[in-house]
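Input: structures, listed below.
Look for subunit A in each of the two complexes below; its partner is subunit B in the first and subunit C in the second.
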Partner chain A sequence: MEFKNPANILTVMVVGLCAVVPFLAPALGEPFYVIVFARIMIWAIAAVSLNLIMGYGGMISFGHAVYLGIGGYTIGILAFHGITSAWVQWPLAISTCALISLIFGAISLRTRGVYFIMITLALAQMVFFLSVSAERYGSDDGLNILARSDFGVSFFDLNDKLTMYYTIFGFLLASVFVSWRLIHSRFGAVIRAAKSNDTRVQAVGLSTYTYRLTAFVIAGVMCGIAGLLQANLENFVSPDMMNWPRSGELIFMVVLGGMSTVFGPVTGAFVFLMLSEILSTWTIHWHVIFGPFLVLLVIFARGGIAGLLTPGRTRE
Partner chain B sequence: MDYVLVTEQFLNGFQLGIILFLMAAGLTLVFGIMDLVNLAHGSMFMIGAFVGGTITLVTGSFILGVVLMIPSMLVIGMVVEMTTLRTLYPRDHLDHVLATFGLILFFNEATRLIWGPEGLVVPLPALLDGTVALGAGITYPVYRIVIITVGLAVALCLYILVSRTRIGMLIRAGASNRTMAGALGVNIPMLFSIVFGIGAVLAGLAGLIITPITAAQIGMGEDVLILAFVVIVIGGIGSIRGAFIASIVTGVIDTMGRSFLDVFLLLFLPENAAESAGPALSSMLIYVLMAAILFFRPQGLFPPKGAG
Partner chain C sequence: MSNALKDMVKEVALEARELNKSFGGLTATDNLSIEVARGEIHAVIGPNGAGKTTFVNVLSGLLKPDSGEILFAGRDVTLLSAAARVRQGLARSFQITSIFRDFTTLENVMLSVQAGQGHSFRFWAPTARDKSLREPAVDLLERVGLGDRVDVTAGNLAHGEQRQLEIAISLATNPSFLLLDEPMAGMGPEESQGMIDFLKVLKGSYTMLLVEHDMDAVFALADRITVLVYGKAIATGTPDEIRNDAAVRAAYLGEEAV
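The block that comes next holds the complex of A and B.
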């Protein structure tokens, strides 16, 4: 069974760690790690969503972080105009992400291969430049969010640290569960089949375009949820959260953890962000070490952590 | 609208197009021939600016800076190709994106380590500092005219190199059938290194000639890189002719949009709406153009013959 291999044991350890950090970190005198883990979990949700289209569907989106930005900015802009009710904010953020990913997907999925990589990048940069030029919403400096989403009930208040943390944790578990169910459904089978041979799937009579587009929208919405959580956690959105290096980092988290594995992106996000956290305490020039590390990883460790820990497994 | 301003902005757009072409030509060559997605091309733009700028400041001569930058970039480009990128050719595009993304992080930080975070200001050579009257009341900076001339000359040389010389013939042979060209005795690895070196020189030249206007900054290559991606996607990947036309179109539309879109919108919208929508829309203009072109022609305007 899948659960017995070392990669999945590692993931269970990471998720278990995420579950106890709010109690463990203050006890160890490092309360700062609570927010670090909250951030890691948000990136993990985004990485899980990217894995859905990139790992299983072969759609290398180099603009996936744009949905983080769109989800976050929807919250930010609504809060800026005084609308803080979560019952308005969240459905609106989700539907905006669905709409934008539908439009972007419809355009970019007409292309293949490297064209797809570049067009997703360009479309994401378009939104990035739009946010930079939006002077009313802070341009480059970003937008402070004065109040977190308000659910209007006393027992569920995002201003409470634990509630905020475990909301993110809950969404992480949900995203992994959703991606696991999707991949093992008929829909997931079509997506995976289309990745290995598009023509044959079409010959069977299925419109691969529609299936891909659906997967693209699901991934966009899932990443948008990560964005709205991020906006709430940080009380701040800025164009930088959807700039293209963020998309590159997301791809790295997925590949680092192991593409096309359900849990890979979670470990990937964890290792990636912990590594940058640790390296950045050594030297401010940590990118000098990190960059070549990424290059070596690509050249020597195909299949990522899951590939290293699972004997005989190589990337599809 | 005032025709003097329109002409000036058109020339500015043309000049941006030239810079984009120098970037896009290298990208599209490397992609068309080696099938390599090279994000680190923007780093070559930046390194060219810093290396050439430093030579200029040390020797006091901008011309010398340009002349010495060319062999330096050739060597840097070939070293990068031989040490890292060579191992990536058999891999898929995802690995290319990841590895060259890692290279960007490295080059940006290495530049910060060597030259410091402030960047480098390179003064305009005194000879080229000034304006020239183009007639009909239009004056234009000499230096920008030089950029346009240099770019057009390079485009011409590149065309001759690829279509009229022996090395160009080898490049085209390598592009259309790598294995066959190799079997006929062409040293394919060396050829690829040279092509990559040429791409690095073109990118470095673009970075260096823009430096007296914008100053050399860390990460300066990335915005240009993304525009260059837009250009080669519009032009058709692998096509130098497509890259040239798409560069000029993109440069002109982007610059004209930024200057005149708000004026244009005034025809349809109330004043305050036009003023707020203008800048936002103009920054999106070329992406909308790209999306529209790809919607009708997913392979770009000039897909190279025989490419899949």
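The block that comes next holds the complex of A and C.
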């Protein structure tokens, strides 16, 4: 990997900043930024997971935020019923995401292009409306989570701010590392090849459907982990976390940072959320600036930030 | 062994029985039967629109026939997917170059080698350092004459080189049978001759069904020829028989090659 190229330097800076924010922000008199960065990192995990299927696999899921919701709601509903042990909550959240993404993937991967986009959207909205109609769990008002996931040990307590923050940070690093390994493995080669030329992959003897579906489930689980972290961080889940605009924002973060680059989605999430954070403190009409900016970036930097900063590299 | 007996034990590598395939009102494959003996190069020729590529697509499994059956090495493969047929040893190349354009030449062939080694549910080890993929892929690229082009992005190769890569990808799956859909498509005379020479080298190691427009190539390579017109086989025979067949001359060769 080229560490001298500016895109990677930016990534190292973003990750480095994430690592020191819990100490830096209070020292600068802006402790509020600790939670901002924690949120950004959660979105970055979700964006990294979407990039696996969208950037590398060409599967443009417009319902990816649903796994944030499913991961989050699993924590919320279990906590509501008094089950707060992380050893129950987390495996259950992960397996629920795996199961749902297996079902949704099995259905939607039978289609291509616009149909795939619409089916992933429709399936995700189905779960969204289910959560809106679940009166017991707060409907559209959402569900407060009274206690964070409990690991039952004193040295690892998510109620501790630093532990919570660095748990998220650890998962972010893990998600980037896992996706890097995946992409360069045999499995990843099949996924990338199927994006480029599906028929050819079949003509060398590999059933692309099974491989795509596996990637879809891996991405669903990874995004579900982001969801369970979000539920713990905010002590709150609501249908809004899996409504379709969230899925659209995830797509935007991936495109903004640079599709099919391992770190792109991290910088994409960072720039997207920091910009909206900063602009919204300037004016309540910040969308008027934010929207055109994003449009310009997509038009003039087709490889996203990574493409813009990488000399001599052109991406489709 | 007498010739008659030799013919009796002659092994059939691929057999199509009464295949039919139509698209709406257009019959692309019309009650087509063909037998390809092990080790031979069997050419399929025919004017444009004769249904040659459709035939290759049906044989390779990319299209399902409306009726009829396909036997490969004595087994009925009619219901098998394209990928499953490749795993049985039935590989194909494409008329319109079908490669992974943003992969390097080496990565193209490595993917195919990888597919020939069984499933690819290996999630962790990087392929770039995998000698069991790299070495066979480099060997194969040297054989097809791309040994000095391994690290070039496939989309940047010259057209003739892409055609060579196309064949290399097919060979890397370890097939016993090659379905070659116009391997010389778009090639200049020199490149074509190179490909003819290369296919001659492969002859003996592989059974081949060769769909080709280039008559010089067909008559230089084929043991037997089947002539397709509107999806129907109007004649099958040795190159000499085909050259002298009245129906073939009328339907096809008459215009260009008498």
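Note that in this section the second predicted complex is superposed on the first by the 314 of 316 C-alpha atoms of A that agree within 3 Å, B and C clash if a C-alpha of one lies under 4 Å from a C-alpha of the other, contacts with A are read in each partner's own complex, and residues count from 1 in each chain.
Please note the rule applied: a contact is a pair of C-beta atoms (placed from the backbone, for glycine too) under 8 Å apart; a residue touches a chain by one contact, two chains touch by 3 or more.
Since this is a predicted model, take the numbers as computed values, not measurements.
Asker: Can A:136 be said to touch subunit B (first), subunit C (second), both, or neither?
Answerer: So A:136 only meets subunit B here.
Asker: Given the touch rule stated above, what does A:81 touch, subunit B (first), subunit C (second), both, or neither?
Answerer: After superposition on chain A, A:81 lies in contact with neither partner.
Asker: Looking at the overlay, what does A:114 touch: subunit B (first), subunit C (second), both, or neither?
Answerer: After superposition on chain A, A:114 lies in contact with subunit B alone.
Asker: So which one touches more of the residues on subunit A, subunit B or subunit C?
Answerer: Of the two chains, more subunit A residues are contacted by B.
Asker: One more residue to check, A:211. First (subunit B), second (subunit C), both or neither?
Answerer: second
Asker: Considering only touches as defined above, state whether A:294 meets subunit B (first), subunit C (second), both or neither.
Answerer: Only subunit B is touched by A:294; subunit C is not.
Asker: Please give the residue numbers of subunit C that touch subunit A in the complex, ascending.
Answerer: Spelled out, the residues of subunit C in touch with subunit A are 60, 62, 81-84, 86-87, 91-92, 94, 98-103, 107, 110-112, 114-116, 120-128, 130, 133, 169-170, 172-173.
Asker: Using the touch definition up top, name the residues of subunit B that touch subunit A in the complex.
Answerer: Subunit B reaches subunit A through residues 31, 37, 39, 84, 87-88, 91, 93-95, 97-99, 101-110, 112-113, 222, 226, 229-230, 232-233, 237, 276, 279-280, 283-284, 287-288, 290-291, 294-295, 298-300.
Asker: In the complex, go through subunit A and note every residue touching subunit B.
Answerer: On the subunit A side, the touching residues are 54, 60, 62, 107-108, 110-115, 117-119, 121-123, 125-126, 129-130, 132-136, 244-245, 248, 251-252, 255, 285-288, 290-295, 297-299, 302.
Asker: Which part of subunit A faces subunit C closely enough to touch in the complex?
Answerer: 181-182, 184-190, 192-193, 196-197, 199-208, 211, 214, 316
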